[in-house]
Structure formats: C-alpha cells, structure tokens
Amino acid sequence: MTAPLVLLERLSYQYPRSETLALHDISLEIRQGEFVGLIGPTGAGKSTFCLALNGIVPQFYGGRFFGRALVVGLDTVEQPVSELASRVGMVFEDPETQLTATSVENEIAFALENLSIPRALIRERITRVLAIVGLEGLEHRHPHELSGGQKQRLAIAAALAVEPALLVLDEATSQLDPAGAAEVFRVLRALNREYGMTVVLASHAAEELAEHADRLLLIDAGELVAEGSPAEIYSQVALLEAHQLRPPQVVKTFSLLPCLPSRLPTRLEEGLATLSNYAAQCIPAAPPLQHTPAAPVITVKGLHHRFTDGTLALTGIDLAFYPGEYVLIVGQNGAGKTSLVKHLLRLLDPTQGQVFVLGRDTREWTVGALARHIGYVAQNPDHQLFNATVRQEVAFALRQLRFPPREIASRTAEALGLLGLEAVADRHPLSLPKGDRARVIIAAMLALQPQVIILDEPTTGQDYAGARAILDLSRALHAQGKTIIVITHQLYLMPGYAERVIVMGKGRVLLDAPLRQAYHALDVLGATQLTPPQAVLLGQRLCPAAQLLTPEEIARCLTDSRVPGDVL
Amino acid sequence: MMAWQTVSRPSLFTRLDFRSKLALMLGVTAVAFLWESPWWGGALAVGVLLACLAAGVAPRYLWGIFRLLAPFFLFMLLMQGFFAGPLIAARTGQMALTPLLRLPEHWPLLGGVTLSAEGLCYGLNIIFKTLTMVLVTPLAIFTTDVNAMLVSLVQLRIPYKIAFVFSSALRFFPLLATELRAILEAQRLRGLDLERLPFHRRIDLYARVAVPLILGALVRSQQLEIALQAKAFTGDPLRTYLHETRLRVADYVLIGCVMVFLLLALIAYFVWGVGRFKV
Amino acid sequence: MNTLNPSGEERRIQRRGGATLDGAPVAYVAALTAVMIAFTLVPLPLSVVIGFGRSFPLSQGLYGLIGWLLGPLAGALANGIGVLIGVFINPQNTTIPGASVAGAVAGALAAGVMGATGLRRRWALPLALLFVLEYSLYGGRAILQNGADARAVFAGSFINWSALFLFISPLRALCGRWLRHTNLRYVTVALFFGTWISSGLAHLTSATWVYFVNNWPAENWWLMAPAAPLEHLARCVIGAIVGTGVIAGLRATGILKPLHAAY
C-alpha cells in the first residue's frame, strides 16, 4: 500500500487570543485520488482544517499547534508555506478576494512566478489549465469581467497551475448561483475522475457532495465526529440534525418512512429507483390560502430598464404585490431580480413604464420616503453597518429622520427585542458573527416599521441553522401582516415560508404562480437554469398531479400506501 | 465612473518600453516647468497632444480633460489678465501694460481694473504648462500594459512589493467602487434623502460612507493575505515574470533624444533666454 | 467549542508572517491603496480653492488616517499610489497630478510621524524642516518674486502655516498619545487636530508645486483667505468622523495591527 497523501496524527490547534481549540485531536488519512467532502456547521473548524493542510495554520496565525500533519510527506510545521504552496492548491469562498492579478493569464502565472518557474513553462501551463477548466480564449480578460462561476473556475485553474498533489476548496461554491455552482462541480468531478486529482471540499451543498464525494468528514466543535462514505454519513439523519446539518432531501424523504428501505438512497438517481419499490397513494396538497382581494401595495406596469452601458436589464414587467403576501423571486444571476426590487425602492428609475407604491408613482417619492414603507436588506450586511454599537445602528435612521427621543428609544428597544439582540446592544456590530450582523441590519430596517420587507439573498453564506433562523423571523413578520418579498437561489428552503413565486429570466417574468405550481414548472425553472429541490423531482416521479414539495409530503404518500390501516 | 484605460491599437508608443516613456514624461514635465513663454509652451503642449492622438489615447478622454479643466483655465486667464501687473513687472521690468479692456470705474470692487495683453499671455502660458503636464502622463501610462509596466518598474529597482501594491490596488478598486455604491444605497434606504439634507449633515453622512468601506477593505485584506500565501507569495524579488520587457534600439534613441532636448532647453533658456516670458 | 486537553505533542511554531512593507502587511497596504483610489473618485461639491484642484475629493480628509493606520512609510506609499491612480481615472479633482501625489505622500508622512513611537519620533525634525522650506519657497516666491502683498499671502495660507505651527508644537505628541486612548472621545479630538495638521501640510506641499506652475496673482490670495479654512474644516470633520468609526471598528474586530500603526 502506498503512503497516504495526507496524514494527520492527533492534530489540535488553538488560535492566538482564543481559549478553545479550533481543532481537537484529529487523526485521519487521505489517499491519492480521493474526493473528500468536509461538512459541519458554521464555526465548526472546516476552514481551519483546510488551512492546516497548507501550513497557513499555524505558520501565519501563530497560536498553539499539537500533533502532526504530513502533506505529501512534508511536515506542515517545518516546511515554509511557500514550499507547501507548490503541493497544495487552495480555492477560497469569496471569488473576488482570491483573484489578485489584473488579467486571467497573470492570475494563473502569479503562483508560478513566485515559484520562479521559467517563462516558457508558465506559458505552457496557462494553456493547459485554461483548457481543463474551460476558460480558453479569455487569457486577457480582467477578472472583474468574468461571471461568478468563471471566477471560481479561474481560481481553480490558478491552483492547478502549480501542479499540486492536492486541491483544497473552502466553501468554493457557496456564493455562486446554481448554474455557477454546477460549473464548478463539473470541473471538480472531471479533475478527480479523469486526472486523478485528490480533492478536499468543504461545503454545505449536501446534494452535490452526495453526488460527487467518495468520503465525508463530519466536523463539529473542532472534532472529527464521523467519517465514511456519503451513504454511511448521510443515512445517519439524527446525527446530522444533532450537528445542525441537513441531509440531502432524498435521504430525508426515505428516512421518514416507517419501513425504511434496506439501504437509504443518497443520490437522486438511487432515490428515483427506490421509489419504484413503493406503491404510492397520491394525497393532493391542501390548496394555498386565498387572500381576500385588496388594493395592491405595489404595482409594476410595463417596466423596462436599460443600464447606462446599454444592457437591457428588464423588459416589460407587469406585476402587483398585495398586502400580506409572502413572495419569492427566483432566477439565475442577471435575470433582473435585484434590478426589479431596486425599482420598488426608487434606487433605479424605469427607462419605460411605471411603478406605483401605495397608489403613487415612484417618481413622486423620494428614496428616503419610500424606505419608510419598504424595508430592504441588501446582500452584504457589512456594507450597511456604519455605527459603533448595535443600538446606535438600529437607532441610526430614526435619529437621522428626527424622531422624538422617546420614540427612538421605544422603537429601538422593540426592534432589538424582536431579533434577540438586547444582550449585544452595546457591542460593536463588526465584533458579532456574520449571522448576527445580518440580524442587526434587519433590526435597523424594522425600526422604521415598514409595511413591505424585501430580503435580497438573506441566506447566502449562512449554514442551515442560520438560514432557517432568518426565514423563521420572516415568517413571524409575515404573521404580523407584513408583506414579505424574498430573493434566493436556495429553493429547497422556501416551502413552508413563501406562498407565491415569481420566476424571472433574462429580464422577463417567466412565471408568476403559487409556490407549488411554480416548483413543478420544471421547464420554466430550467429556462433560467434553476434545478428544483430533490423532493420536487421525487414528487414528479411519484404523482405529478399532486405537486408535492417536501420530503414530509412525499413520505406521507408513501407510508399511507404501504400501511393503509394506520391512517384514520 | 471612469475606468483605468488602455489604448486599443498598437503604435510606436505601445512598442516602447515603459522606462523610456518614463524618461520622456520626466523630461517633458521638466521643460514645461521651465518655460514661461506661451509660444514655446504652446508648441510643447500641442506636440504632446498630437502624440497622444497618434498613440491612440481616446479623444473622448482628452475631451473629458478639457471640459473638466475649462473653468479653471478661464479663471486663470481672467485672473492673470486683470491682475498680473506685479508679476509681469517682476519678470520683465515692464511697468506699463498694454490695455485691452477697462472695467467702468463705478463697478464695485472691480471698477477700473484693466485687462492687459501681457496678463493674458501669462495666463496662456499657465494653461499650456498645465496641459502639457496633464497630457504627458496618459501618453506614457495608457499606452503600457499594466503588467509590462510592473516588470519595467521592477527592472528600475523599484522593490517588487511596491509594484505588487500598485497592481493589486488596480485589481481591487473596481470592487470598492461597486461597494461604495452599495453603501450609499444602504444609507438612502435608512430613510435619508441626501439631496435634502443640510450641508453639515451631508458631510457627516459622506464620512459615514467611508467607515464600512475602509473596514470592509481591511477585513478583505486578511483574506487576501491568506490567498497570497497559498500562492507562494513571499514578496521576494527573486521570481520570474510572465511578461518580459527589453530596451530596444527605439528606446535608447528616445532616451537619448529626451536627454539632448532637456540639455538644449536648459542651455537655450539660461544662455539665450529661449522660453522666458517676454512680451 | 471544547476546552479539552489535546493529546498530541505540542510543536514549536515558527511564525513566518507574509510579506510586509515597513511592518505593514502588503495585502493591507494594497487594500488601503484601493480605498484611496475609490475616495479620490468621490467629489465633495464645495471647493473653491485652487491649491488642490477645484472640487475636493473625500480622500483629502483621509491622508492622515492612512498614515496612522499603516505607519508613515507604508501610509505614504498607499496614499501616493492611490492618488496617482485616482487622478488618471478621474482627472476632475486635480490640475497637476504630481502635485496631488506629493501632497498625499506628505500628509501620510506627517501623520505617521505624529503617531510614531521610539526612535521614529526623531523623524519629526527633518520633516518639519522640509515643511518650513516648502513654506518659505511658497510664500517667498509669492512675495519676493511675484510681488504679492505679504498680508494677502499670510491670510491666504492660514491653513498651511497654522498646520506647520501645530506640527512643531507639543500638540503633535499629544495627538499621538490621544490616538491610542481607550476613550473614543479623545481619539476623535486627536483625529480632528491631527487631520488639520496632516491635511494642512499635504495642502502646503501640493500648493507649493502648483504655485510654481501657476503663479496666481496677488488678488487670488485674498480669495483663498476665507474659503480655504472653511474647506479645511470640512476635511477635518471628515477625518475625525471616519477615523473614529474606523478605529472603533478595528479595535472591535481585532484585525491585525501593522507595526507602526498609531491607534
């Protein structure tokens, strides 16, 4: 047997100024040619694990390091990072910060230049790795001109250029839209299968890991909790849920059955095949709640928008949003989702057409006045924090708008309470973890008590528990009678929250329908490069007419058919 | 928002090495500094302008500069035209100026002030000087690929780390410009109408825009630092470069010409007074 | 997280930090350089002063801050490169690129030395001499060579000589101390006066250069007399507000502090 590519022996690590261990007694091996998935909730130690593989932990951070990590036979404490960098290629989460050069070819050349590789060889490698990731012909582009998926593929190409023995990717797809993420997974799979590249990928994408990984490592609180094949790990649904993780929907569906299949399927294909072992009794879903017709809060009429550079962002949008609705807007990047909501806030003005808010044309509103009726939480919370304490942040708009002091105090306290931020009210917003920072922004927006609330990709970069917490809050606000509009790519999260779905593609509304109907409009979703959740695909196979949405609904149809006597 | 530009077509200037263009830039700037004659200065400015056009610097960019500088030029011209008396006297010893226009005596403040031909000439000299200095830089910089520029800088013994700061700042500022827009939007969405705020509160808000931008950039810089280390970046100047730059015959010729030009200009100025302000 | 004892043997770690420029990580300098480029593009619509250009960009209130965040040398580099690139991308805010760059560099140097500790405090003397030389060239040329009224020159360059005077005075050291104060109010005050000094000296440096090109007539000095201090006040307010926010944020997040930073 050959020596393992990575060998960790009782590895523990403590960051400086931290009292706990970020990694604790981890021992494992990774063999040449493996595709290893790394799963765990936010803060579990996945990133630390990745950085330990190329010596940045501990050499850059300092702190305390115990045990031993051998990568390609090199001890990561003894070898300089620059030496390890030629054996371990790294790809990080943020597509922007990790690209450092001003052109694609220079990006790929950068590490090679640092390693003093001769020019002719650099040229050869550029051609080779661009072909592998499918970016040929873009050598002279500025990274800024690439799409998210292309940027991550470029980052992979740059990592491959040094011909590493190991490719480590830390959440490399979490900021991409589904099409971009699919591109990256395609490349990784080809690398692993065709070129035998060893891949370590930290990710929250359960469905994709089940599809591609050979082995999963479950890390929580710095400890290696479990390891095994995706089938072994994902079939332990209780274990996953105890660590705030989510199994693929296929697994979840079959795990809910009273009589489990002999082996829980982990991949969609297996799931579809397993379905045929069961008889189904289609239980039509309850019809969606009908709202009593009221005058719309927002009406969009014949909206067109052309950016100053000439690109057409929106073409002929006609929509109405009614009080008390919970609307989901989906579509690939560039479909016009954000452009549309910016018109509702007058951050953009129509090139043609009109938008009415509360019966008045938005051109008659100022942005400030509109913001009191429509609260908008943009994608990156950190752009929206300007104050030194959480309390000041929440009170900021009220103060600027000259509310009376007593009202400022009461509204601030109320908003802080609603989001459970009282305990951190006097801390600096940036000292909070990312999930809490997003809550601060939501609290600041709620202090103005808007009628309509728009959340633009609120769950991007959050783990399952974090995403759920934000959506539960949106549901509570909805129950109070607010109109909620959410933009997201993560379709599997939304059943149980949203009622109506607007599917957008290339600046048009492709479909505007109740959620159930929209999720089953596979051709429409496909047209804007979205894949429905696995449960929907299982439901399609099982009984298309019932338009099932969740593992629970599907399980109910299956159990009912197998043990009819148990149902009242 | 304007972006970093490069010329789209090859020319003599794109083939030259950045080092020789740098020499040209410094030589021309020095001479522009020296000359106070509107005629000589004007010839130099026109020469640089023609060179820009020949090198393919976008006429739109040049026109943009003119438009931006026009109010300043007009201000300078009038200011010097009316008030340059003591300055001209100090330079030429000439006390009586040639009047072109005299404002009526009863005008408040400016009554009786005279527009002089000499003052206008001096104003023109300033305009040409400024133009030369403003135009010579895009001539050198926009005709050079950023990466080739870096290699040239390194060959000029500029430490590689500094050259790296230059290129990565160029890489990251478009991100910040986008973020800046997002932050301004976020502020307006807290219910603030920037346009309607009184001046002192507008300053306060402008300043608050900067805080998340700077902090965000610094947080990012830590991620960047890690990405750099993962790419074997040590700041060590001992590395290879994808792009190569070499001084060719044309570069040596240009550097020689610049030196001769500078020398002649200096001699002519101090010996024969060529380029001095005269009426 | 766990507090259990690790079972592996503790290893001796050799910290090999990344590349630094005068004690500031290269990535850090690059990020702030990019920030300066971005701020050079944001005009504040109120300037009438010829010294710097016509409308003045946000960056002019932040020259000092960059010096305090990075230290004098790395700060000067970030300011210089940032303004240089900014000027080419948007020529609106400057008349003579070189003068703007020189000013930005001088601003960070002055600020960095203000916050310096140890032997570096001695850099103040040569720097002060340089600024005195600049001021004598600036005012001297106006009065002696161009025949301007001395009172007008004095009035028109109030922000420059006051900054120079304060730089030489004990206020320099006091600002340096207060920047490190745990009470943010002290930090704000230090930032306000520190920006008066650093941006005033930055203005002096570019104005000297610009004046050697422009030789604006005597009457212009009188125009500058009321306008320049107002504009300068705006810079200081910006420097104080931004600086306080940034320093509070940096202290809260615990982002690595460069060797010669002064907060």
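Order of writing sets the labels: A, B and C. Residues in every chain begin at 1.
Assume contacts are C-beta pairs under 8 Å (C-beta built on N, C-alpha and C of every residue); 3 or more make two chains touch, one makes a residue touch a chain.
The shown structure was predicted, so the numbers you read here are calculated from the model rather than taken from an experiment.
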Name the graph shape formed by the protein chains and their touching pairs; answer line, ring, star, complete or other. complete
Based on the averaged CA atom positions, which chain is farthest from chain B? A
Per the definition at the top, count C-beta pairs in contact and tell me whether B-C or A-B has more. B-C
From the mean C-alpha coordinate of chain A to that of chain C, what's the distance rounded to whole Å? 41
Can you give the whole-Å distance between the Cα centres of chain B and chain C? 20
Report, in whole Å, the distance between the mean C-alpha point of chain A and the mean C-alpha point of chain B. 44
Hunt down the residues of chain C that sit against at least two other chains at once, touch-wise. 18, 245, 249, 253
Touching two or more other chains in chain A are residues 60, 81, 386, 430
At least two other chains touched by the same residue of chain B: list those residues. 168, 170-171, 175, 208-209, 211, 215, 219-220, 224-225, 228-229, 233-234, 236
In the complex of these two chains, what residues of chain B are touching chain C? 1-5, 29, 33, 64-65, 68-69, 71-72, 75-76, 79-80, 82-87, 89-90, 122, 126, 129-130, 133-134, 137-138, 141-142, 161-162, 164-166, 168-173, 175-177, 180, 199-200, 203-204, 206-211, 213-215, 217-222, 224-225, 228-229, 233-236
In the complex formed with chain A, which residues of chain B make contact? 146-147, 167-168, 170-171, 174-175, 179, 182-183, 185-193, 195-196, 201, 205, 208-209, 211-212, 215-216, 219-220, 223-234, 236, 238-242, 244
Write out the stretch or stretches of chain A touching chain B in their complex. 51, 54, 56, 60, 81-82, 85-86, 88-90, 92, 94, 96-103, 105-106, 109-119, 122-123, 143-144, 158, 162, 345, 347, 366-369, 371-372, 375-376, 378, 380, 382-386, 396-397, 400-401, 430, 444-445, 448
Note which residues of chain A are touching chain C in the complex, please. 9-12, 17, 19-22, 24-25, 58-60, 62-68, 77, 80-81, 221-223, 386-388, 427-428, 430-431
Applying the document's contact rule, which stretches of chain C touch chain A when the two form their complex? 1-4, 6-18, 184, 244-245, 248-249, 251-254
